[in-house]
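Comments concern the structure below.
Chains: A, B and C, in written order; residue numbering restarts at 1 for each.
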Amino acid sequence: MPLWKIYHPKDAFSPPDKKELSERITRLYPVLPKFYVGIVFQEVDKDSFFVGGEPADRFVRIWVDHIARTFANDEIKARWIGMVEEALAPFVRDRGLDWEYHIDETPFDLWSIQGLRPPPPNSEHEKRWIAENKPSPY
Amino acid sequence: MPLWKIYHPKDAFSPPDKKELSERITRLYPVLPKFYVGIVFQEVDKDSFFVGGEPADRFVRIWVDHIARTFANDEIKARWIGMVEEALAPFVRDRGLDWEYHIDETPFDLWSIQGLRPPPPNSEHEKRWIAENKPSPY
Amino acid sequence: MPLWKIYHPKDAFSPPDKKELSERITRLYPVLPKFYVGIVFQEVDKDSFFVGGEPADRFVRIWVDHIARTFANDEIKARWIGMVEEALAPFVRDRGLDWEYHIDETPFDLWSIQGLRPPPPNSEHEKRWIAENKPSPY
């Protein structure tokens, strides 16, 4: 479900950085099957990346689609946003990069993995998907 | 309207593959002008593509925005999702690739083609756009 | 907030073109802090870009996420869409390129810049962010 798309300056992240950051992002979703968490890193050249009309060469722009869950209330939402900041901090804030992200929520029933409709949240089937870390028919 | 964005491993699809897959996707929308269907393929290096914190080199991740139509009911939705699976199968499942897609629905009135607002669904003007396979003033 | 993603043919836009177009897009949002406006240009090879199942080598496809504001009414929306066309015209229409764009609206409270939740629309804090053209705690 969550699909993270990370636009970043050339050479901002090494391959091990990307691996570690992707693990940190995956851990933001402890209630989901790990394999739900997809992440795409994309380098953007300075002359193709703009903020406020100016070239951006220190900017990390992330957008996320959430599908499997929506937030139950504002408190949970705010707490989770704080966890995202912690997860990202060593790779953006602590390196002096600028960063921004936003999340959209998209329809659960327009989503498919390996030809299967993901099971309902917190269902027995979802628990099996979590345990096996792969999709299976149900 | 529908915009398909297909992230895929390097060399997963040849140019003829991409052409044929784009034709199969276009045929999923028989009620729309063909030129509404936009598709972007994007190769992602193994060290920039992650699923559950692990590098993904056999994974095809698709996200789609639907604009021109929403689904009238759950039955139509489920049947259409099944048609998507059939359209994709020869290029993902049958090649042993993993795949996932999700669809978002975005506002009809925040959409523009060639400086024109697309005509209402099933209108005479839309029929002309279908017949001519290009936008024209109305 | 607004994030513009511009898919375009190889060599459609020079670096100065991209700079000027990004300034024109930024000016579409006079009520927002300039630094809210993020733009990513992405070249797409002809064999990875399809419209209606046919290769697209003269096509500019733009998608936009709006976060900071939604449109108050249809009149404002239509007028603003007209302004977008004017902003884009010298770089698409006047060059004989085809173009299409659509805009989605995503949740204000799932958005974060530099670890800060952006201030409410038209607030004193937002005015300061506009004046200083950078985020600051409040």
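By definition in this document, a contact is a pair of C-beta atoms (placed from the backbone, for glycine too) under 8 Å apart; a residue touches a chain by one contact, two chains touch by 3 or more.
Keep in mind that this is a model prediction, so the values were computed, not measured.
Through what angle, to the nearest 5 degrees, does subunit A rotate to match subunit B on its C-alpha atoms?
120
Taking all residue numbers at the subunit B/subunit C interface, are over half used by both copies (same) or under half (different)?
Subunit B vs subunit C: different; shared/all numbers falls short of half.
Distance between subunit B and subunit C based on Cα centroids, please, to the nearest Å.
The answer is 22 Å.
Where in subunit C do residues touch at least two different other chains?
Correct list: 104.
In the complex, go through subunit B and note every residue touching subunit A.
Listed in rising order, the residues of subunit B that touch subunit A are 7, 44, 47-53, 55-56, 59, 61, 63, 66, 74, 77, 81, 84-85, 89, 93, 98-105.
Could you pull out which subunit B residues touch subunit C in their complex?
These residues of subunit B touch subunit C: 1, 3, 15, 18-19, 22-23, 25-27, 33-42, 65, 67, 104, 106-107, 109-115, 117, 133.
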